[in-house]
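Read from first to last, the chains carry the letters A, B and C; within each, the first residue is number 1.
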Amino acid sequence: MKILKVSFISLIGVTLLTGCWDQHFLKDVKLVMGSGIDITSDGKIVSTVSIPLFTTGPGGTETTESQVITESGDTPRDVRNKLNHKIAEQFDASELMVLMLGEEYAKQDISAGIDVFYRDPKSSVRANVGVVKGTASELLNIKLEKNKLMSEYLSSLIQSNQESTSLPIQTRPLLSDMFDPGTDFVLPLIKPKEKEAQIMGLAMFSGNKYTGQYLTNKDSTLFLLMADQKSKDAVIKLKVHKNKKPELSNFIMLNVLNLKRDLKVRVKNPDEISVELKLDLNVEIMEYPEKQLYSKKNIDKLNKKVSSMLSNEANNIIKKMQKANSDCLGIGRHINAFHHDTWEKLNWKKEYPNIDFNGIVKIKITKHGIFN
Amino acid sequence: MGFFKQNHRGIIQHYKQLQNSNISGTKVFPSFGENVNFIIEFFNNSHDLMTYPFMFKQKECMVLYLETLVDQDKLEQKFFIPLSQRENNIEKRKSFTLEHFPNSINFSEITSKMLQGFAIVIMDGEKHVLLIDTGLSNDRGTEEPNNEKVVRGSHLGFVENIAINLNLIRTRIKNQNLFIEYQTIGEITNTKIAIVHLKGIANEDVLKNVQNRIKNISSDMIFGPGYFEEFIEDSTVSPFPQMLSTERPDRVIANLIEGRIALFVDGSPTVLIVPINFFSFYQSPDDYNSRAYIGTFIQVIRLLSFIIAVSLPGLYIAVIGFHFEVLPEELVLTVKGAVEKVPYPPLIEAIIMELTIELIREAGIRLPSAIGTTIGIVGGLVIGDAIVKAGLVSNTMIIVVATTAISSYVVPSNEMSAAVRLLRFPIMIAAATFGFVGIAFSFMALFIHLCQLESFGSPYLAPIAPFRFKDIKDSIVRLPLWKLNNRPLDHQPKKVNQQSSSRKWK
Amino acid sequence: MNTKEKKITQFQLFFLIFLTQIGIGVISLPYEVFKDSESDAWISVIIAGFFVQINIVLIWLLYRRFPSLTIFEMMSEVVGKHIAFIFKIAYILFFSSVAILLILLFGRMTHIWIIPRTPNWIILLIMISLCVFCVKENLTVMARYYFVVSFSVIFFLILITSFVKGINILNILPVGQTGFPSIIKGTAQSLLSFLGYEMLLVIFPYSLGKSVGKLKVALLANGIVTIIYAYITFVCLTYLGPYVMKLIPEPILFILKFRSFQIIERTDLLFLSVWIATFGTSIMMYLYLTSNGLANMFTKTNRSTLLFCTATLLYILVLFIPTNDNVINLISNYIKFASYFFIFGLPCILLFVSILRGKKGSPETV
């Protein structure tokens, strides 16, 4: 009994003295919050990271600026190890906020480079991913105004656009869309300017590669509505009249309140697939200088006009998607689910550009502010 | 070990010999002088043994008493004044009698009564020795105890005299079933204790258990319940108290009526209540004197405070030292900035601050009230602020420690608060060794221990552990009083129904 | 009847069964079943649960013939002392090997997800010591602790309901596309996660109440476990999609990693830390069963002493087994086949033999 007690106590002592194998102090790491991947002409990976710097004072922590470092290597993990040769403390990417992919890099299969983010249990799967028109290092090297962190800036930029339904919100990990042959995904496209970054639209991917084509900001809201992904606000601008003076009275700004989407896929045989997309929107008028909303006849007329314009735009968007061979609406998955035998015989990548699409948008103006 | 045992045996035998000298029923000697000498020798010629000889009916008599135990006023009233009146007034000669006093022939009874404050009269030629009750009681008033204050409720508290304490109980439970059992324990101190319960409600087996354990106590001294709590409790190894100690009569009465047993000790205002469960420590008479909703809300907050007080420093250490990726992005930079300058790991930070708080607390008890508040301000603000500026401890740590300190004092019971404060440290060390897994393991160990713990046969975690949904209405939440129709079952009361529908007029 | 054990109520019996079954299965079940039956994994799970219900009724029928005996005591009555001796040893070895498998899986899980650099031996040592700490008391203490741990399951269910929003039903349509044979193969795979109900062989006599009530409780516990497992598989399939499931061995944790809340980021870490208690309960029950069997064989020794010896032996054994996937798969396969025999086959045989021989035990004293 005595030996048991002694050994037990010594075991506890040993554990406490030599233990804490997994200690990973917050003060000993350099948090990488923004990361960018580019590719060189000979296939090497160039990674740019943005590390926030801050000063601690009596008022608390104050962030000053970001430190941006670039390094090249064979794989992203290799680059990380090499970065450790440059960074003062340990590299830690568990709080990654944004991951930017350079245009050239995105044009080849991106799933290979993202592997490192899904394998490490500590890594953050929730980082916002985006494509850069240019190179990621250009974007991350932008000199922002004082006391603004690059990663915070980009991440809040993307977030605010997600709330206004210009960019899609990631409800599922990117991984599940990447490996699904029945759907393709879209990522935000950002262009670096002198002192800021600008969102250009949605980059369309086919397979796991960037097609080079993108939907502009104008189209991305409508596209997201077609994909049944409305967020808090969704603002659409249309030119409903011509030749009115002043010029701005030709336009109308709508905010979508509710949407109902009906997607029907009709498969006769593998070469004759038609898709009908019906979208019912309840909208609110945000700005309409024409001031004609006091009569019901005018409202009906406006409804019809806006509906036909939006239907045209929807069809245009679909044509763009077909041209890029990017099945962003997930039609393939529909076919897989409801017409499974056809799906087995189908070569989706070939057939998708030839599908008949018919987009019908019906709007109903339900609110128009406190003013007619 | 054996060496100490022999010595111990020697001490016990020595005292048993002393007591045996009159336990065997030494009776009063026929000769007057022998009796007096016996008494004087028995008390080892103590200087406070007063003797006063006088003549009564032409016989030699003597009054003996221990002046330090006797109330001079009472002695005057009962004995000396009638005696002097008899001396002066011949008519009253016949009215002065001594026969109405109780008497005894057994020296053990005589001497024990003398030790309780009686004065004895030995008369030459009489077989009986007279006992006059003149005990001095030296008590403070029954004010509310300092550490168990309530906002709304009675402000009475127990005092050191067991008779007054029992009086406070009897006046509030005017029932013939309130059963008081006296016992004397403590070889040297001969302290009187009382075991009180309500016959017909309290469980007889539990009572027998209590009596058995008390009978087995063999110790020289019993100063207060704290002493014999450790002799009769189920598990001394556990940090948790298994008996509720209180100084308030209303708490004792409520528990007696629920069917528990109260132990009073002469010389201490603290009363022990058995058997008890974990949630009773988190109840305060305040809850029952206020409205149901607020009572429930405060109860739930108190129970939350237990979790916070025990685990918060451990969580901080685990997050900062192992898994900081749990923090959301906006928070991580602030915390990192706070921790950046600190030269050592979070465990050392935490231990420094916790020990400082414990030192401040301990010093605060002993400070005279004049400088008490000043030192409190010094300790709190200056040390807290200065230590952060000096870069020894981070801001977040101060918040964690302050919240923990506040949470650990929310418990209405002092022992439970001590248990909570002690438990913090092993959990901190476990968190510093294994991170979240360490905290998970320590909570496992804690709950397994709580499930194993029993207080006189009733499980400690009732009503959670043997889950009785009906008992929750009085321990975790506090439903309106007219809903509490049945007693909680954890201590096996005999009569479960305690009230019936009282709102029939609705 | 082992009179040293106090009896537990039916309510506590429910939690004992429930928590022994739910344990490690929750985390890797969807992946294991997916490997065989792909997008119809949830159907396989439901069918497996149904088979387990039948098995429970079988065990109950056997129990009804000997209402106050555990299976160890029953065996010597039915087949005679010598054969019973062999069977008892076999059962004890079976229970201990399940305990070893659970301990290995626990070590691997914490090693991969939470604390990669801490050596395995210390974590397993602490876990085994805590289990011994709980099991050395009698069954009522264990039952109380199991109830306390069940709150972690409620926490888990709340977490899962929070990400129902992101599921895409299209992922599992059309239903039944993988065909019946693979669904059945998937059922066989998932039976391993349902293990835990064989404790009824030993625990049925220790609970109060009429036997019909006990059957209801057991069926209810298993039913809820089935529903929870099917729900989890369903959510994993619809959330992640069948194309990615084969890459993710612990889908629930992956989903939790993705869904964060405002104040907490890595929800999987928190969940796994809380779930450690549930792992512990599964291991504890098997340790209890082993020590109960040994106490039945060596009647002179105290059950807790036997428990200490068993635990020490198991720990030393575990130290020598390398924790790589091959070994764990080997042990799981062995246990799968062994469980068919020990949990289904042997009670069947015992039932028939006892009916043939006309043996019946004394009626139960409630």
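Going forward, contacts are C-beta pairs under 8 Å (C-beta built on N, C-alpha and C of every residue); 3 or more make two chains touch, one makes a residue touch a chain.
No experiment lies behind these values; they were computed from the predicted model shown.
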item: Most central chain, Cα average position; value: C
item: Chain located farthest away, centre of subunit A as origin (C-alpha); value: B
item: Subunit A-subunit C separation of Cα centroids, rounded to whole Å; value: 42
item: Chain centre separation in whole Å, for subunit B relative to subunit A (CA means); value: 66
item: Whole-Å gap between the CA centroids of subunit B and subunit C; value: 47
item: Where subunit B touches two or more other chains, by residue; value: 322-323, 325, 327, 329, 434-435
item: Residue list for subunit C, restricted to those that touch at least two other chains; value: 114-115, 118, 260, 265
item: Multi-partner residues of subunit A (at least 2 other chains); value: 15, 19, 22, 124
item: Residues of subunit C defined as touching subunit A within the complex; value: 112-119, 122, 125, 165-166, 168, 170-171, 173-174, 177, 239-241, 243-244, 247, 254, 257-258, 260, 265, 268
item: Partner subunit B, residues of subunit C touching it in the complex; value: 9, 11-12, 110, 114-115, 118, 123, 126-127, 130, 133-134, 137, 140-141, 143-145, 147-149, 260, 262-266, 269-270, 273-274, 276-277, 280
item: Residues of subunit A that touch subunit B when the two form their complex; value: 15-16, 19-20, 22-27, 31, 33, 52, 54-56, 58, 60-63, 94-95, 97, 122, 124, 155
item: Subunit B residues within the subunit A interface of the complex; value: 320-325, 327, 329, 332-342, 345-346, 389, 395, 429, 432-435
item: Residues on subunit A engaged by subunit C in the complex (per definition of touch); value: 11, 15, 19, 21-22, 121, 124-126, 171-173, 175-181, 330, 333-334, 336-338, 340
